[in-house]
Amino acid sequence: MSETKERKLFMYHRMLMCRMFEERVYYLFLEGRLPGTIHQSQGQEASAVGVCSALEDKDMITSTHRPHSHAIARGVSVRSLMAELFARETGCCRGKGGSMHVGDMEAGMVPAIAIVGGGIPLAAGCALAFRYLEQPNIVACFFGEGATNIGTFHEAVNMAAIWNLPVVFVCENNKYAASTAVEKVMRVKRVSERAMAYGIPGETLDGNDVEAVYQAMRKAGSRARAGDGPTLLELETYRFAGHSRSDPGRYREPEEVAAWKQRDPIARYEAKLLAERVLEPAEITKIKTSIERELEAAVAQAESDPSPKPEDCLSDVFAS
Amino acid sequence: MSETKERKLFMYHRMLMCRMFEERVYYLFLEGRLPGTIHQSQGQEASAVGVCSALEDKDMITSTHRPHSHAIARGVSVRSLMAELFARETGCCRGKGGSMHVGDMEAGMVPAIAIVGGGIPLAAGCALAFRYLEQPNIVACFFGEGATNIGTFHEAVNMAAIWNLPVVFVCENNKYAASTAVEKVMRVKRVSERAMAYGIPGETLDGNDVEAVYQAMRKAGSRARAGDGPTLLELETYRFAGHSRSDPGRYREPEEVAAWKQRDPIARYEAKLLAERVLEPAEITKIKTSIERELEAAVAQAESDPSPKPEDCLSDVFAS
Amino acid sequence: MSSRASAVSNQEIPGREVTMVDALRAALREEMRRDKRVILLGEDIGVEGGFGGAFTVTLGLSEEFGHHRVLDTPISEAAIAGVAAGAALAGLRPVADVQYGDFLFLAMDQLANNAAKLRYMSGGKLSVSMVFRAPVGATTRGAQHGQSLEAFFMHVPGLKVACPSNPYDGKGLLKTAIRDDNPVIFFEHKLLYGSKGARKEKGGLQVVGWVPDEEYLIPFGEAKIVRPGRDITLVANLLMVHKSMQAAEILAAEGVDAEVIDVRTLTPFDWETVFQSVRKTTRLLIVEEDNLTGGWGAEVAARVADDCIGYLDGPIRRIAAPDTPVPFAPVMENFYVPSVEKIVGAVRELVKVHN
Amino acid sequence: MSSRASAVSNQEIPGREVTMVDALRAALREEMRRDKRVILLGEDIGVEGGFGGAFTVTLGLSEEFGHHRVLDTPISEAAIAGVAAGAALAGLRPVADVQYGDFLFLAMDQLANNAAKLRYMSGGKLSVSMVFRAPVGATTRGAQHGQSLEAFFMHVPGLKVACPSNPYDGKGLLKTAIRDDNPVIFFEHKLLYGSKGARKEKGGLQVVGWVPDEEYLIPFGEAKIVRPGRDITLVANLLMVHKSMQAAEILAAEGVDAEVIDVRTLTPFDWETVFQSVRKTTRLLIVEEDNLTGGWGAEVAARVADDCIGYLDGPIRRIAAPDTPVPFAPVMENFYVPSVEKIVGAVRELVKVHN
């Protein structure tokens, strides 16, 4: 298989995994089997997967309150993610983090930061360390368009810009921050225009086109790796689900949701790969079945995995 | 006297008052007669005076750790300022504020905020109140170029922009934030470019040309008053003195300082007014003498004014 | 406004059972109707088809008062606080909020360095009449969405701090907060909201409380003895008032008569009520959801150890969350949040010691 | 590294008298030489012709280590803290600073919600090895440049907190902080820097202290009995250690023998040393420059009131700044900051009460 073909199938597979993971998690919630809350990312898989597929081993990502797809795309083990949502000892955060803090630095993902914009300085800091240690790695820093109104975005992007740090700022513009439409809270048409304030390149692209995302991220990543500094990528996308588990999303017009569902990144990519004959129709069911099985196994495993003990809450505050 | 002539003489007078106040204060410090520290603004008088001269009664300004000229330009009583620096009961903050917090809302100045960028949200908030109360006033919000790297700048300018608040953001770009040259901490050439990130007009002008500053502020002020929202004005200027009392300023080239002293805003305006015959040479000494006398009186008064009592430190925490 | 109404539930007075959310919303509504200067600022508080803030408190208010009075902000907590403070300086009475108390750290400079100090720095000439609402408490959302932050703000001179445990107090205190000429940090416990439907919290108490139809205010600085008792004083706030009451019931069955004090406001604090109670009971247990070290309970212990030490018949003890972040897993969170059992256990030990 | 050196000044060991600034700079220099992962981040810390930070601590370090290790930042306190935390996650050991402790509120979210919690949220897999330095103390600069903020950070689980009172401790604790795998907030008192020349502070103590030439570390969590005594325990930190010592001298002349404990670190806190002292002296006075309500002294009082109440011969008292912002006028500031006289007065009362 050619490298390109392999990558395309990989991206397709990963996007499906993201989608099916989120769907599964959603039902688990409805059934009352998972504690806490969740922020789902159905519809945004192309950005997670396009960006992460362009990363190298030991590159790092930072994420947000909506981290599941980022984690899967980055290759954090699905079992450890599912176990974390089930609050198990075997979870990627040993049950201490939960949905909003999943991550695994071994796999290249800083535990997600649920305070909007809070992960952006961490991303710049990791990038500073990479550069300082002469490690040829970069950081992809995910955040929503809503996060670009908070102080840490401004401060950290500026700092990364003046120091030419190897970080790519990835804004997933899904048009809403919770119930708040982007037009209400910023006057610029495109988030990428904000790059101008820091003297770095900014680019807006179709965030539901995984191939386009991948290419843009390759380019921005190379730039960062070469020491030419950060880029702000704005990926236009949409979340199909509500903001969080409890949100029916009545602040969005049904037509708008429907129109975006027409631009489903997975369906689009599937059609493209079919047309390109990279993918055969028969394979689709096979892939889905195998993902289904993997998720089934992850759920079964998570359910039988040990729970942390109550007193475990006392450990891990300090490194000794 | 024509209104224009009157205004010109007024601006000249105010700039001189700013300068001579700062010089006087500097000597008082050297003599050990004033407590605390000071941040002086010699060289930046055109921005303070140009901006404040374009304001109306009941308009408001917010200021910074370097507030003396702003206060004088806004018309806060010189006696109450001097008394504050002397830590007197009669000071504009009754001795509780000190140099970095001078202000007087009756005179149109919120007590200065010494935390860089900290006053910017207050300015937006005052502007919100003006608009809400249908008061035809605006706010001029002063800050340095260094402040444009802090989160509150970003958040508050954006909020003012989306709500079209009647505020003018006045960035005094004096090239340095303490010892840090502006080029080291931002990649954009002009601070005014940052306006683009908020979809508001930005303009850079010669901040040592009081007339230009006045005109630009009139324009931005009218825009704000008309409900068309904020403007970011960048006034290029320079502080002749060190950052604070204790700073010899060795991080600046003597040539640079000398070149800027050639562009002294007061000398330039004086020459212009002389050339325009708005001012007669003989008047200059008269004006200076009268200011000298006013300052002398302010110092004498402050020295004989009562000091707060030690226990006064316990009052004014809460309004009852 | 009726002074009768400041008495607790009274069958004579017309009123009804409402949730905390209803009570807080009613307080906002009444004050907004009464005083045009009251405006609201926050994220997702007034969006059509939206939530009415993270916990539905402001639902319907933008419809009644318009978007110029119910301002949906960007995600900019520092500016929300600072803009509220600035608007207060210029004569408004803003009520701002964060969706989770944990985000207060983002606004801390504006709250602690500006709002709290502007009156003082101006020599008493200004006032900053604003309220900043913040939901606290652990609800299986992990380390960044479950903290109790009262102690941080009790430690800032110039800020008032309220923390009601029930709808009656919530309404009365919020109205008082809005009319106060000082900045007030108003803490609400997520499990006490009584939110229904999609915003309902697992483990949330079904707290409904009687609230009179007539208007009433509750002054700051008056603690409430929610259960008089002779043997030990329990001092608590927010959710812990309820857990302390449950503990007191269990203890009563064992013959231990606990007095339970709901502090209601931390600044100003009603020291006298606590001191008098301790002088009577000679034993003190403080119950808070905040982390033990440096929690507000430490201040209560310190004041009692200064003022009432001669009356004490044993150590002053505190039940609080341990000094760890809030863990996600419910089994750990249940261990982390002080439980009725822990309170009962601590009381048993205290009454045993010197009996 | 010598273990002998951990003893206090010893004529046998070669060493010299240095200021706090010298000692802190030496600590930074030694650790930077020893470990390439140590970098510095802050405003105006490495500029040519500049200040070496607000109080000259980093003067000369950019010349020795280069600008890639001494990073001058924009005025962006939140990002300074967050970038330091991120760099720590990825293997560096950043030492960041704010020019005045008051600006910590701007960085509070990154410090309290990220740096302090990332290890915990990751289930113990990560560590955030960073130091955040912050000058505290009132020096006639008014309300936004004079606060003491130790209590806020002592209340955040996951942060360690140091507060040295002298050059010897300053050096040893800063070196330990840099090697610690946890985030450490390192408080320095402006009047203890001993800065000379232009950065000299009026009212600054001419504290020089002996520091051995040989390398040494001081472990966290070990308080120091700086003056043994029998009649009363004074617990203090930073500048208040010196005022307490002065008070102890005055009291000694009156026949009152005070034991003075310098806590040195607030997290971890050496409870045992305080408890033992109180059990011996039976009286406790806590002295801090922080505002009274919710200061770290409250926690000390609360722990003692729990553990040692049976040993106490009188109330636990605290001398602290009143609950007001820091006033500007020196006459007011002098009243605000706890004085030797106030300490002496409080001790006199305490030893009288039950004698």
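A, B, C and D are the chain letters, set down in written order, and residue numbers restart from 1 in every chain.
Rule of thumb we're sticking to: a contact is a pair of C-beta atoms (placed from the backbone, for glycine too) under 8 Å apart; a residue touches a chain by one contact, two chains touch by 3 or more.
These figures come from a predicted structure and were not determined experimentally.
Visitor: In contact with subunit C and with subunit D at once: which chains are those? Just list them.
Guide: Per touch definition, common to subunit C and subunit D: A, B.
Visitor: Sort the other chains by how far their Cα centres are from that of subunit D and give me the top one.
Guide: If we average the C-alpha coordinates per chain, A ends up farthest from subunit D.
Visitor: Express in whole angstrom the distance between the two chain centres, defined as the mean CA positions of subunit B and subunit D.
Guide: That gives a centre separation of 36 Å.
Visitor: Indicate the whole-number Å distance between the mean C-alpha point of subunit A and the mean C-alpha point of subunit D.
Guide: Inter-chain centre distance comes to 41 Å.
Visitor: Using mean CA coordinates as chain centres, what's the gap between subunit A and subunit B in Å?
Guide: Inter-chain centre distance comes to 46 Å.
Visitor: Pull out every residue in subunit D that's touching 2 or more other chains.
Guide: Expected reply: 73-74, 76, 78, 102-103, 106, 109, 113, 120-121, 142-144, 157-158, 322-325, 327.
Visitor: For subunit B, jot down the residues that touch at least 2 other chains.
Guide: Counting only residues that touch two or more other chains, subunit B contributes 93, 95-97, 101, 113, 115, 118, 149-152, 155, 158, 162, 184-186, 317.
Visitor: Touch graph across the chains, line, ring, star, complete or other?
Guide: complete
Visitor: For subunit B, which residues are in contact with subunit D within the complex?
Guide: Listed in rising order, the residues are 35-37, 87-88, 93, 95-101, 113-118, 146-147, 149-151, 177-181, 184-186, 246-252, 307-314, 317.
Visitor: For the complex, give me every residue of subunit C touching subunit D.
Guide: Its residues touching subunit D are 102-103, 105-106, 108-109, 112-113, 116-117, 120-121, 142-144, 151-152, 154-155, 157-158, 267, 269, 291, 293-299, 301-302, 304-307, 309-310, 312, 314-318, 322-325, 327.
Visitor: What residues of subunit C sit close enough to touch subunit B in their complex?
Guide: Residues of subunit C touching subunit B: 39, 68, 71, 73-74, 76, 78-79, 81-92, 94, 109-110, 113-114, 118-127, 129, 157-158, 160, 181-182.
Visitor: Show which residues of subunit A lie in contact with subunit B when the two form their complex.
Guide: Touching subunit B: residues 149-155, 158, 161-162, 184-188, 193-194, 196-200 of subunit A.
Visitor: Give every residue of subunit B touching subunit C within the complex, in rising order.
Guide: So the residues of subunit B in touch with subunit C come to 60, 62, 91-97, 101, 103-106, 110-111, 113, 115, 118, 120-130, 132-133, 151-152, 155-156, 158-159, 162-163, 315-320.
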